[in-house]
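Take a look at the structures listed below.
Two complexes come next, and they have one chain in common, chain A, joined by chain B in the first and chain C in the second.
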Partner chain A sequence: MSTIEVDRAAFLEGQIEPQPRRRRPKRKTVNTVIWFVVLLALTAIILYPLVWLVFSTFKPSSEFGQNPGLIPENPTIDNYLKVFDGIAGTPLWRFFGNSLLIAVSAVIGILASSALAAYAFARIKFKGVGVLFAAMIGTLLLPFHVIIIPQYIMFQKLELVDTYVPLILPKFLATEAFFVFLMVQFIRNIPRDMDEAARIDGAGHTRIFFSIILPLIRPALITSAIFAFIWTWNDFLGPLLYVNSPEKYPLPIALRLYNDATSTSDYGATVAVSFLALLPILIFFIVFQRFLVDGVATQGLKG
Partner chain B sequence: MTITKEAAAEQPTRAGAGGPAKGAGRPKTPALKPGRRRANRRENVAGYTFLLPWLIGFLGLTLGPMIYSLYLSFTKYNLFADPKFVGFDNYVRMFTQDPQFLQSVQITLVYVLVGTPVKLAAALGIAMLLNYRNRGTGFFRSSFYAPSLIGASVSVAIVWRAMFSSNGPVDSSLSFFGLEIGGWVGNVSLVIPMMILLAVWQFGAPMVIFLAGLKQIPRELYEAAEVDGAGPVRKFRSVTIPMLSSVIFFNLLLETINAFQVFASAYIISNGSGGPAGMTNFYTLYLYKRGFADGQMGYAAAMAWVLVIVVAIIAFILFRTSKSWVHYAGESK
Partner chain C sequence: MFEIRKRRTAVAAAAIGVSAALALTGCAGGGSEPAATYDPNEKVTLNFAFWGNDVRAGLYDQAFAAFNEEYPNITVNSSFLGFPEFWEKRQTEAAGGGLPDVMQFDYSYLRQYSENGLLLDLDPYLGTTIETDAIADNILGIGVVDGTTTGIATSTNAWGLYTNPKLLEQVGVAGYEGGGSWDDYADWMKQVTTAGSAQGISGGTDWTGRIQNFEIQLRAEGAELFSEDGEPGFDKARLAEFWEQGAEVRDPAITIPQQRLEEIYPLSGFDAAQTASELTWDNFGAGYLGNLGDSFTELGLVAPPVTKEGAKDLYLKPSMLHTISSKTDHPEAAATLVNFLVNSPEVGAIFGTNRGLPASETQLEGADLGGLDAQIRDYEESIQDRLGDAPPVPIVGAGTLEEKFRQIGQELGFGTLTVDEAVDQFFNEMDVVLNQ
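Coming up: the complex of A and B.
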């Protein structure tokens, strides 16, 4: 603290601080080392459950409840071998395929519909934009409970239960306001000069949207795509309500199958599937962490 | 930079984008050139065309269902027979004859009111720790964020249950310190703390937002405070908190609403039962059981509307009180 003050005084007097600088490093280095150690310890605690999960997939089922530690006493890959056979007559790759199909459709739907809506909210001056924008923000805070019951009744009357339509259709209709909002914020930060110039050259909204805005909001599109994928991949309540046939199960519901049927007898298999279900997300995260973390940061600050 | 007269004239209304729709389609003077009016109409057509998917979703999948569920909440409905109008019966029954409901409200409130502040305190504390240095924080930031991304998944719920079960890693490390617990999952008084820990573990998302907020606080403010002889506590109270208040507000609102919606982890940890002794029967889980397992759609709809009202009240209180403690940069007090 006092060093900064000295620094500041020296700086104000026009001295180019050779003196305080020599005094500073020692304490700074010590502080940095402590800081680093504390953060490292925190990382170890926070990531421990994941590390434990990875190691536990190599434990035989009998070891659960006996060996709480990290390292398996009798390491085995039996869990994986067993898991690949599937459960309830359905092979594991099928669940993966189902999850992938739902998640990819959701990403396409969310990107297309949210970008269109965001452009309208951010760039077109039509009658009612204010009210509708407020309504969109309102849905951001709306507890989903209030719509799942009538939606379920609706899809049931339309005989769409046990298809993926109830899971995918809402994504094509931009019902998740988070993504619309994220893109609105992004579009608002793009200088209007470009649109105006294009408009003078005779471009309509369609041209401006496709050739100016879309390329410029690519970072927001990538962030949205990753979040959309991960959230859909993890979604539990949606498929729990709408998907009944085991061969149509996505991973989270299939996991429940393991969890319910085998929780006492076959912990090893359950843990192995849990890990495999997380694996795509973890890979996604490691590859795209910048986009994700920065996406969260902007969402919060400009909100 | 080419700003035409028209563009310049448009600027003022556009500056308030998202604000009220004034000026949007409204002609400014009656003697408007026909070309201008045509342009307005073109804007309206374009606006609603771009907005069409969202509008269909909003009306058909959000607003319509909301109204329908409000109606359902005054009926008895099991999906097969027609809804039977019962007035306020569902609401009255909930608060007078349903101990499970009252318990569910109670544990959900404990979970929200304890879990959210603890989670945000952890998020802010660790964000400040990360903010101590500018370089070398990327790895930590990402590692701390990871749980937020996967925390609501079934996989993590399964891991959590295993970690906190009898003879699990948490138990055995506590017994190392002489604390014999014998498993948190089946323990009536420890299962909520366990769920809260799972929520706190996901502190990364608010932390990232706090961190971005901390980076925007001008250094000079801290230096000025130091010149005035402020210690770390005083600096935290008089500089950090006020400068961060809008971010705190945002996080508080979002995390509170999120906390009410916890479902998958409670479902998995209790195998869908909400046990032990109803202690993980969180609001969403109970609503699901009532509506979809017992087929009491009217009752579940009423529960959903009670939640909407509670969330609306909380949001209202937060917005209302925020005027006195949230400070927006550039706003004089």
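Coming up: the complex of A and C.
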């Protein structure tokens, strides 16, 4: 489609343009065609696994070893029917609901706490701000695996295992240094003139934060929200460690339950549920990707 | 600006609401006091964890329902995961002191958890709470680490040779009879591969990629893979000899090429109906039938090739065990549950061979075995003469070594390693694992 459009544009251009410049658009057309062919080929290569996944959701389980190709030999919707039945008495929507609850709470927590922490680091001069900031950045360098066990012991002693508290509470305490840092950098780029003007008008920190800073860091908030949502939605290790009851599992754990190395693995159900698990995040991304690019692009700009 | 501020306030309010709600639910899940003396009517809640799929989860639910008819005071909260995730979670819980009261357990982790004092010593309960009359001594011995019983085997499996009768009929070759020498087996595979070359069917897979085949060869010679102290029972020359045998079988005229196996991984050539035989544990049969699909209804199960006539090279391995956490608040109730899961005929009737062939005779009698299940039972009876004592409980890191062995087998299959390099790599890995 795009190639045709480009061709037509070049054709029209050729007619309107004066004689001596006729040759250039032709070469441009050739180049464009080559570009599109290359790009389409790359897209096909990159999208093939996803397309394979979609087609495979219609393969019966037993076909997986015998037919590695794209098109199912005996198409069936049994996989979807089975997946919608749920796992061990827990319906599928429950797992979606669990994932959504965790992800939405995490997004709210991260935005609320990181924005406040970032404001403090960027705008308030208090004792030890340098050390604390360095410590915060330091946690970025700390691999997650170092803190798994101490953190587990903590929540275990507080008897909070098998609740969502260990997954959500830390997000409300600005422990995600990545987001704090992102917002600190953003706030630092906002000219202080506005704060100062507000201060002269009698505004305190609360007022400045809510009326000046928060509206201005909107792109950073949106970027953070998108990342936070995607990361929490896909998180596997956290829920694996802290959630015990199968009816509380989020999607990434639930979709592994169709696959058991020691007995029968239901590959059909596995791909079907993987595809369904992918949808919300795909939709979320398509809806918000404009903001995502905006958020990243404006970060380099002043004011 | 005002609008945004209002929205922020709403978000903040929601945030506070959510955290308050979570704090409340968190507090509601309080724990229970440890029981000083055992009261059979005391209300007790046990956590139980197993690995498996939703089918097994349904079976366990039935088993707990039967358990509660007999012991209404004990509530079982069960939780399940796939095998690798199950162990990832247990490792963290072990370090954090939060293991479930009763667990479905794997042989390869038994030594590590026992030596670290994470599992309850079951000896005081044997013969009393946990009945042992119906379990053979050599099976009870499987769960003993350094003289202490920490696990009870629920079920056993043995190394066997699966064949696919339907594929063999297609290519027109008679099924393998079982036993024979390794050369006989290779000849048979060659016959199948030649006859099935048009349909892309191979006789089997290069068996030198599996450490168990090496193990049964060593056992036939009176050695073991590893001793109780973790000393290897073989030297570089013996391992090289084993992999040299593979060099002959790795011929595409005999076995399926590694490249094709890679394309269908995690399924095996046998799962995908591309090979007509596979050496593996006998409890894999149901999985094979599931992956092969409805057009395949039966499998052949015969004894693996014989290394040395009259040797006791095979053994019964627990397909899984039950263990109790040493930190449980209710050891007596936990032991009652283990006894029920291991011995009760009802549980046998519910599970069949889902967890392997039941180890306890009372449970085996309760199980109504037909088709493949009966075939596995008959197979384990048929190899009685070749069954020796089980090897010592696997050393810590045995799982890692088994995986390394499999990877090296793959590389040998691709021809990216020579046998000498492979032997060196394996001994280096062994050095790391055994001396850590």
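Please note the rule applied: the second predicted complex is superposed on the first by the 253 of 303 C-alpha atoms of A that agree within 3 Å, B and C clash if a C-alpha of one lies under 4 Å from a C-alpha of the other, contacts with A are read in each partner's own complex, and residues count from 1 in each chain.
Here, contacts are C-beta pairs under 8 Å (C-beta built on N, C-alpha and C of every residue); 3 or more make two chains touch, one makes a residue touch a chain.
The structure presented is a predicted model; accordingly, all values stated were derived computationally and were not measured.
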item	value
Superposed partners chain B and chain C on chain A - clash or fit	clash
First (chain B), second (chain C), both or neither touched by A:L111	second
Touching partner for A:P68 - first (chain B), second (chain C), both, neither	both
Of chain C and chain B, partner touching more chain A residues	B
Partner chain(s) touched by A:G202 [first = chain B, second = chain C, both, neither]	neither
Partner chain in contact with A:G89 - chain B first, chain C second, else both or neither	second
Partner chain in contact with A:I147 - chain B first, chain C second, else both or neither	first
Which of chain B and chain C A:I230 touches, first, second, both or neither	first
Which of chain B and chain C A:V180 touches, first, second, both or neither	first
Shared contact residues on chain A - chain B and chain C	64-66, 68, 112, 148-149, 152-153, 156, 169, 172, 237, 240-241, 256, 259-260, 263, 267
Chain A contact footprint on chain C (complex, rising order)	1, 4-5, 8-9, 11-12, 14-15, 18-19, 22-23, 25-26, 29-31, 47, 49, 51-58, 61, 77-85, 88-89, 92-93, 95-98, 100, 263-264, 266-267, 271-274, 286-287, 290-295, 354
Touching residues (chain side chain A, partner chain B) in the complex	1, 4-5, 8, 31-32, 35-36, 38-39, 42-43, 46-50, 52-53, 56, 64-66, 68-69, 112-114, 116-117, 119-122, 124-133, 135-136, 139, 141-154, 156, 169-170, 172-175, 180, 184, 188, 192-193, 196-197, 200, 204-205, 209, 230, 234, 236-237, 240-241, 251-252, 255-256, 259-260, 263, 267, 270-271, 274-275, 277-278, 281-282, 285, 289, 292-293, 296-301, 303
Footprint of chain C on chain A - complex, ascending	60-66, 68, 87-89, 105, 108-109, 111-112, 148-149, 152-153, 156, 158-165, 168-169, 172, 210-211, 214-215, 218, 237, 240-241, 244-246, 253, 256-267
Of chain B, residues touching chain A in the complex	1-4, 7, 10, 13-14, 17-26, 43-48, 50-58, 60-66, 68-69, 72, 79, 126, 129-130, 132-133, 136, 140-147, 149-150, 152-156, 158-160, 162-163, 165-169, 171-173, 201, 205-206, 208-209, 211-213, 216, 223, 226-227, 247, 250-251, 253, 257, 260-261, 263-264, 267-268, 271-272, 284, 287-288, 291-292, 297, 300-301, 303-305, 307-308, 311, 315
